[in-house]
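Structures given as structure tokens follow.
Two complexes, one shared chain (subunit A), two partners (subunit B, subunit C).
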Partner chain A sequence: MSVERREARQPWILLSPALGAVTLLLFVPLLFIIVYSFWLRTASGADQVGFYLDNWHEALTDRFYRDILLSTLKIAAITTVVCAIAGYPAAYFIARSRGNKAILLLLLMLPFWISYIIRTMSWINILGVSGAFNTILIALGIIDQPIQMLYNQTTVILGLVHFLLPFMILNVFVSLEGIDVTLEDAAHSLGATRWQSFLEVTLPLSLPGLAAGGLLCFVLAAGTYITPLVLGGPRDAMFANLVFEAIITQLNWPLGSALSLMLLVVLGAIVLIYNRYLGMAQLMKGLG
Partner chain B sequence: MDNTKRYERLRERYLNGGLERRTFLGLIGAAGLAYGVRTPFVREAFAATKQVRFDGWGGVVSEAFRKYAFDPYTAKTGIKVVDGTFGGADEYISRVKASQPGEYNIAHLSGVFDYARYVGLGLGSELNEANIPNLDNVIPKLVEVFRKVTDGKLSCVPYDYGTTGLAYNRKHISDDEMKEKGAKILIDDKYKGKIGGWSDWRTRIWFASLQTDQDPNNATDMDAVWNAIRKNRDLVLKYWTSGAELMSLLAEEEIYVTEGWSGRIFALQEQGHDIGYMDPPNGYGWQECLFVIKGSPMEACEELLNFMLAPETSIAVAEGQNYPPALDPNKVDLGKKIPTLPAFDPTGTLSGLTFANPTYWNGHEAEWSKEFGRIQKGY
Partner chain C sequence: MGWMAIRGWALLVYLFMFLPVAVVVLLSFNSSEFGAFPMAGFSFRWFVELANNEAILRAFRTSIILGSLTALISTTFGVLASLALIRYRVPGSNLISTLLIAPILVPEVVLAVALLLFLNFLSINKSFPLLLFGHVIFTLPFVILVVQARLVGIRRDIEEAAMSLGASPVQTFFQITLPLLLPAVLAGGLFAFTISFDDITGTLFWKPGGVETVPTQIFAMLRNSISPEINALGTVMIVLTVGLPLLGAAIARQLARKSGG
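Up next, the complex of A and B:
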């Protein structure tokens, strides 16, 4: 074998474990889901093998699914905006802090050491009728009766922000770290105020990080089902809850497959649009 | 011939020049690879006969099983019981459907409709009743309903029974008000935002049938039932999904009234919470069974079932989980606590309880579970 051919094969040999894992754990299951989406669920709960478009017809034409999908995208968008507003100042503070940056980053990562479900459920102890917040308000004499704060869309968004904020902060932080601080000094020397130099120099240069964080938050928020299940009320279901119900409660794996592919296509399209205009490089930096 | 002998013969052929060095090493390597690949699976296969997997409802129920049944059973037989939990039979059936035969063994199923459904999906097994002599102690009526589904055979043993009745906080709702309103209290505007409910389509339809004065096993006006469910949904703070969540919502006073499982409510009362419990007329009775799934190690499972049905184990578990055991009170002395449990029937006939008709409920399962899913979300 020639040296050139051997060298050409080397990257593929090195990549083969990763490619094998992706094929087995992602593409093959995805293929199963695609095939499943064309089957039917019989009245007894067993699957009827074949090529039927019924699930797709239902998923694409039924207003129920469209409305919940739109509601899910709305909740994900609000969550993303809140994460951006709350996360940017925090990321800026960490990026511009001197000496204690490592400790601040460690603090940022601390929540990941606790299960996402436990973190979500912790809000019940904070916002519940006999939770910390109501107890403090009653003790201070501000209210007589506890306020009902849980199990609505606001608490769902709160739970999602709690979960996703670190992803936003990390992405913006990486972006801010890459900006040469002397550019701000240069803006000052040309007469810009601190606020103007931030608006004209720092913010535009950090936008790729903000966008990458936004994409991550949006995609993760749109795909969640635990948060609405734990913190939502009867009307606060998100699209992933429909997938869960179709597959688990109704044992309708074919319809659940069609619904999950529908969500995948919508979120995939958003990722493609992002990649088309901003590229995935910044996202990789943030995740790294 | 053992492997050592095989190796010695191979080596001899190699040393005598009957095999090339490359072929010899290749065969040794292949044998090593085969052994390495085989060993973990063989060990797993042997281990499978040494353990039985049991899945149940979690919480106080699982604690009772672990303490009074599994640990003593393991100590006596050496067979380990791996216990898992589920939030409902629907969720569990998906897991079993996605598993390999033998991965899941015994499930604590609720209702004859679940039994019929699991058997209908080909998950049933056939118990050798000769290995379960303690089955003779069980209330005959409980056994017969299962036999009818599986042509006289059994794929499960009945284990306990209970009711899904109305649980209410006595600080806010009096016993008299509950008696007066019954199931209709769940659609009373007065308690908007303080009502809870199980997110189970059968339970919701059952109670909506009661609210619309219909037979829960034969509702004729389904529009009225769906409207009652919609009305309830608009007043509900939260549809709970597990017994633990039910207990938490009531104990924390997030809700004042909900339907609830008799044993869980009794557990709350034992903890000192002033929670009342009432079975309305035609309240939801159910019987639970220990279902052996197809592909399980039958003898080990039968031995566990027999152990669990032994009066001392069964009574201890019942006292722990607060549901009356399936043991016939006419044959077995059930002690002092069990007669005080909600839903307990001292006659052993269970004539006072209304159970779900499996044909009726399973016949509408696909359509009604889907419809409820939509209504639950505001449609």
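Up next, the complex of A and C:
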């Protein structure tokens, strides 16, 4: 074999385990559930192979699924906006602070290392019936009986914001770091106020980071089912909870396939729109 | 004045992120019977109970074995793929990169369902191997991103120098490339282990009945009521997942300083 041929083959040998894994464990399974969603789960529990539109008909026309899909997107949107509003100034502070930037960044990375389930359940200690809030309010004499503040849509959003805020801050920080600080000074010296130079120069230049953080927050929030199970009430199910119910509780796998694909199409469309206008490079910057 | 407001806001954001976690740690030392306020006194009793809880110890063992195997496989696959993408001119490398990071672009629930149903179709039931496959495919993109970022910084000419001095490609890899690569390999492996150790979304779909990882064990315990034991378990997890990497980084820095003179 010639040296060139061997050189040309080497990268493919190195790539084959990873590409093989992604193909066999992601792409083929995704194709498989497309096929599976047209099968039928019979009363006996066996799958009837064929081409039935029943699952899709149920998933697409049942008001129950549509309402929960819409409320899931609403929760994800609110979470994203809250993360942006809370996260932007914090990212700005880290990017522009002079002294202890390394410590501030390290603190920002710490939540990534703290377990998601622990961060989620930690709110029970704060807002629960015998949590910190109720204890303080009773001690101050504001209330006599503890109030149940947990298990509603607001606490679901609170939990999601707590989980996703570091993703937003990190992405905005990365884009703010890439902006030349002297640009703001230049605008300032040309007569703009600090606020004007921020609005006209810094904010527009940092929009790609804000968008990348927003995409991550939205997609991760819309795909969650753990947070509603821990911090939500029985009526606060999100779309992924329906998928979990169909697959794990009802064992209706063909219907579960159709519901999963619905979620994939909706969130995939959002990722594609993002990719069309902004590209994946910014997202990778924030993740790496 | 504006800067003070931003500073105050940032402080609030940091408090928001860390206060609930700090309360978990605080309550884990509460000697009272219930896992909540008021604090009755300081005690280690919940940590002692934890150490005697067979179910939790089993969950820890499962999580550590699963995380280690996931890290081993993901890092091996990820390092090889990153080497190919950084070191060679591969036709369609942009497309390949996108395909390799696809598992993070697909919502984890969907990935979990697809893998569960497909492997079940192939007669691989909910089992440890299914969990392992799931964790590998989910962590692989993160490893590739981290390793690639580190790999770009390693200069090719050192390897070329070794080869021109007569080293074989295999010798060059083990004596030059691998030592230079080691920080990237360790970072990728640590990342994969942490993600696997923390995963619950996919794990709840893939785990067989009776097998629990630490997060699913906590989740199962939450269904009853929040007990001080959960707070103690949370504290142990925080110390492990935050303390160990920080300690590792500190030691690495210390070593680097020494060897650097």
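Simple rule for what comes next: the second predicted complex is superposed on the first by the 270 of 288 C-alpha atoms of A that agree within 3 Å, B and C clash if a C-alpha of one lies under 4 Å from a C-alpha of the other, contacts with A are read in each partner's own complex, and residues count from 1 in each chain.
Simple rule for what comes next: contacts are C-beta pairs under 8 Å (C-beta built on N, C-alpha and C of every residue); 3 or more make two chains touch, one makes a residue touch a chain.
Predicted model, so just to flag it, every value in this text is computed and none were measured.
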item	value
Combined model on subunit A where subunit B meets subunit C, clash or fit	clash
Touching partner for A:115 - first (subunit B), second (subunit C), both, neither	second
Which of subunit B and subunit C A:150 touches, first, second, both or neither	first
Partner chain(s) touched by A:11 [first = subunit B, second = subunit C, both, neither]	second
Touched partner set for A:234, first subunit B, second subunit C, both or neither	first
Partner chain in contact with A:274 - subunit B first, subunit C second, else both or neither	neither
Contacts of A:46 with subunit B and subunit C, given as first, second, both or neither	first
Touching partner for A:128 - first (subunit B), second (subunit C), both, neither	both
More subunit A residues in contact [subunit B versus subunit C]	C
Partner chain(s) touched by A:248 [first = subunit B, second = subunit C, both, neither]	both
On subunit A, positions contacted by subunit B and by subunit C	124, 128, 130, 229, 247-248, 253
Subunit C to subunit A touching residues, read off their complex	2, 6-7, 9-10, 13-14, 16-21, 23-24, 27, 34-38, 76-78, 80-81, 83-85, 87-88, 90, 96, 98-111, 113-119, 121, 133-134, 136-137, 140, 142, 144-146, 148-149, 194, 197-198, 200-201, 204-205, 214-215, 218-219, 222, 226, 230-231, 234, 237-238, 241-242, 245
Sites on subunit A touched by subunit C in the complex	7, 10-12, 14-15, 17-19, 21-22, 25-30, 32-33, 36, 86-87, 89-90, 92-94, 107, 110-111, 113-119, 121-126, 128, 130-132, 134-135, 162, 165-166, 169, 194-195, 219, 222-226, 229-230, 240, 243-244, 247-248, 253, 256-257, 260-261, 263-264, 267-268, 271, 280, 284, 287-288
Residue numbers on subunit B that touch subunit A, as the complex places them	88, 90-91, 93-94, 97, 117, 120-122, 193, 201, 233, 236-239, 241, 248, 252-254, 363, 365-366, 369-370, 373-374, 376-379
Of subunit A, residues touching subunit B in the complex	41, 43-46, 64, 68, 124, 128-130, 148, 150-151, 229, 233-235, 237, 242, 245, 247-253
